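Letters A, B, C and D name the chains as they come in the text, with residue numbers starting at 1 for each one.
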Amino acid sequence: MDTWRTAIVDAGPDHIRVRGHDVLELMQRSTFTDLIFLLHHDRLPTPAERRLLDAILIGVADHGAGAPSCAAARLAVSGNRQSLAAAIAAGVLTIGDEHGGAGSGSMELIAAGIDRARRDSVSFDVAAAGIVDAAKRDKTRLPGFGHRVHATIDPRVEVLFALAEESRVAGDGIRFARALTAAMHERLKPIPLNIDGALAAVLVDLGLPPMAGKLLFIVGRVAGLSAEVLEEYTREKPMRIKIPVEYDGVPPRQNGP
Amino acid sequence: MDTWRTAIVDAGPDHIRVRGHDVLELMQRSTFTDLIFLLHHDRLPTPAERRLLDAILIGVADHGAGAPSCAAARLAVSGNRQSLAAAIAAGVLTIGDEHGGAGSGSMELIAAGIDRARRDSVSFDVAAAGIVDAAKRDKTRLPGFGHRVHATIDPRVEVLFALAEESRVAGDGIRFARALTAAMHERLKPIPLNIDGALAAVLVDLGLPPMAGKLLFIVGRVAGLSAEVLEEYTREKPMRIKIPVEYDGVPPRQNGP
Amino acid sequence: MDTWRTAIVDAGPDHIRVRGHDVLELMQRSTFTDLIFLLHHDRLPTPAERRLLDAILIGVADHGAGAPSCAAARLAVSGNRQSLAAAIAAGVLTIGDEHGGAGSGSMELIAAGIDRARRDSVSFDVAAAGIVDAAKRDKTRLPGFGHRVHATIDPRVEVLFALAEESRVAGDGIRFARALTAAMHERLKPIPLNIDGALAAVLVDLGLPPMAGKLLFIVGRVAGLSAEVLEEYTREKPMRIKIPVEYDGVPPRQNGP
Amino acid sequence: MDTWRTAIVDAGPDHIRVRGHDVLELMQRSTFTDLIFLLHHDRLPTPAERRLLDAILIGVADHGAGAPSCAAARLAVSGNRQSLAAAIAAGVLTIGDEHGGAGSGSMELIAAGIDRARRDSVSFDVAAAGIVDAAKRDKTRLPGFGHRVHATIDPRVEVLFALAEESRVAGDGIRFARALTAAMHERLKPIPLNIDGALAAVLVDLGLPPMAGKLLFIVGRVAGLSAEVLEEYTREKPMRIKIPVEYDGVPPRQNGP
């Protein structure tokens, strides 16, 4: 078999290095959030960048046991108590474009909008208006807007943006997200930017690639899933979760080919 | 259906609270590692406790793409590029008692040893000797000792213990782990404490339950898996991973019932 | 890297053989159930054995969307529409000793009982009484008995046993399961044998190893999960599943260390 | 919470019905393959349709332990021996458009081609030529063609098509797949139809929806994964799988922000 190459971790019997940084030194001087930044970037973060990434990871870590990710993890504990990894994985598997993962699409949208503004030498407002008008015409949904619980505004969004602005991390990502929100309200519907969209704007300003929108949601959410799994395991009985299902298919009939 | 109860997160349209702490305030003032501690404990950590948990999470985050967790995640990217969550979950699923999860068994062992020393009013050395002799007699392996790569000593162990001691987090957990290592060398085999065992000793001193040995390994490792998945996705072609397999079963034969 | 060995499948550019049988011939002459038997045994089944395995796989394939496996798979579709494999895997992960997997423990119990009867030269009734008395004394639950829905008797059990008897597949496995059920009723509680226990008895008579109790449940259930996933995907909207959760932890409090 | 609706299974304490058919009767009279057809269709198959579905499920069940699905499942057993479900799920998660799942895209392609031929009143040859020319122009790959092992022709393809033709199941799906293969050879490259493409053609003729291309691959492959997991568990030691990885990233450097 061919040897696999990797640019991330250099692991041998005597050392582990992440992007060239000695893990022993990182353990002594850095935070877990520094390492998460380093793993997905090519350098360690500044204190302000670390502050923002901490806020993002905290903001997405848990949203209650009724969220699909937590519910699936608890269902797995309910039926399979042999593997904590299995329960966490079941929760992770519910994360996609529809739950937690809209940050990736939102990052692509923001990045494309910034690029277009530059290429066409137009303002962010004009570029954002173009995106909203296209979505209106094609009846597509813009990722990063709307939430089934927070009908008006998710308070985490303003906290993130305020942190980004006071620490001067805020850049084109947040500026474009604000332009997009304004265009949305004026030209389409007053749907607020949601946590995925806010996270996306900040991650663009942190210089992370679009896939990080989904990946870092997972990294944060796994911390919450882990605690939910621990609680379900230690506090509840197996098979305690009962979901009522109603059959609305064909009536009883004879078997046979 | 019965409503589910939860003691961890209180999530509503206007607020999210983790163990009573407002998430908006946590986002502004705490680190992700603080939140991880809070989720698995019932309070926020002291700065020294946070420092130790940071070191643990950094220490387990990645050990190279050849580890089962990373290899499985990369295989999933290789065949299924539709879901980043699927790839991370595939990696998580390889984590168990044999890979990354020995911390849980080690925490139980250490906690039981401390309890026995107290109950029987004997020293940690005597209690540790009893555990090693029992393992020798029953030919069982003690979780937290030995590593397929680090034959002598994993340098992460001493870093963790030094951090714990200088920050005064070190307590009975580390003291008992040291007693156990000494008894192991004297009475059985000079096998070193591995990273799972060191992590277990520190987690006992942080007041976390045995399941945290496995859960926090997963929380840390997911950060590494996320980066490995990002790299495999952006740098490598689908289906690039080829593993040579040799058949050593029965020779060709006729079908038929 | 070392080449992996395998005794099951011999796959090359021109042929695939399963335990020496040419897949092309199997495709033309055998059923999927024949292949499932062959993969877990070392030969193809007789027609009677195939009939029993068909009945088992049909019996476990689906038990409604409220079962943990189906509910978790549907939650995954609800949040992550990018990967059908992710949804099926989420369902599979809920299968363990507590849901669907009791067949393995039950097979071990039945096999151990048969062995003890032979070794001690006692009747199955005597050996079964010993097992029930030990469970009563140690307050342990016997795997394969009881069901949260079928309080009295699961009708699938009698169908399986009748099929096994009329086709003369029934042997010591079913005989011992019957002895155990009788001992249970007389000496402990009138709890009926459940589908896992019946499946276990038949699988023992088919000469399959205890792990098959769990594995073949999964093989059967995946057929049901696949259909549930297809329906959720094509008939329901994303994020339609809402589960009410009530917080019963500590009251709101101030943040800070 | 709202009750979930389902059109597939009606499960109560006394009965289980699949699309109206009593499971007890199905257990006595049908095969597992009949049930798989029923679960994904709205009726039981004819004997010829069952024969084809058996051949498909057998054909995809296993392709050796080096395939990503089997390798990931075995890696999971290697590190996590606590849950057979976890190992099978790890294998399932590698199945996507790039591994095993091309059948879905191929079914969409074939269905679209048949529709176009009808709508435009042209022959299948003309419609197929249009698809191949578009792929050539846009430099896209057609799903269902090519295989990393079978450079020339996968012998399973001809077996499937011969079975379909002699049993008169073959219809527009196989006819269009043949037209597409011919157009491919004449106008682009002599790449053979692969097993995913053949499976797709037959599934179209069985009246199954495009998602079945991926779902039924998973149903078949899980049988193989189950056997591979059983073998890895009973024959091999934990952590036996070592994959050589080479680091090609940045050289060692100083830590620090």
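As a convention for this text, a residue touches a chain if its C-beta (ideal position, glycine included) is under 8 Å from a C-beta of that chain, and two chains touch if they have at least 3 such contacts.
Worth saying up front: this structure is predicted, and the values here are computed from it rather than measured.
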Hey, what chains does chain A share as contacts with chain D? B, C
For chain B, which other chain has the most distant CA centre? D
Any idea if chain B and chain C meet via the same residues, over half in common, or different ones? same
Measuring from the mean C-alpha position of chain B to the mean C-alpha position of chain D, what distance in angstrom results? 36
Cα-centroid distance, chain B relative to chain C, in whole angstrom: 30
CA centre of chain C versus CA centre of chain D: separation in Å? 24
Among all residues of chain A, which ones touch two or more of the remaining chains? 1, 4, 6-11, 26, 30, 64-66, 80, 82-83, 85-86, 89-90, 93-96, 101, 241-245, 247
Chain A contacts chain D in the complex at 1, 3-11, 17, 19-22, 25-26, 29-30, 34, 42, 44-47, 80, 82-83, 85-86, 89, 93, 243-257
How about chain D: which of its residues touch chain C in the complex? 1-2, 4, 6-16, 18, 23-24, 26-28, 30-33, 35-36, 39-40, 53-55, 57-59, 61-67, 74, 83-86, 88-90, 92-96, 101, 149-151, 155-156, 159-160, 163, 209, 211-212, 214-216, 218-220, 222-224, 226-231, 233-235, 241-244
Write out the stretch or stretches of chain B touching chain D in their complex. 1, 64-66, 68-69, 71-72, 75-76, 78-83, 86-87, 89-90, 93-101, 148, 238-239, 241-245, 247
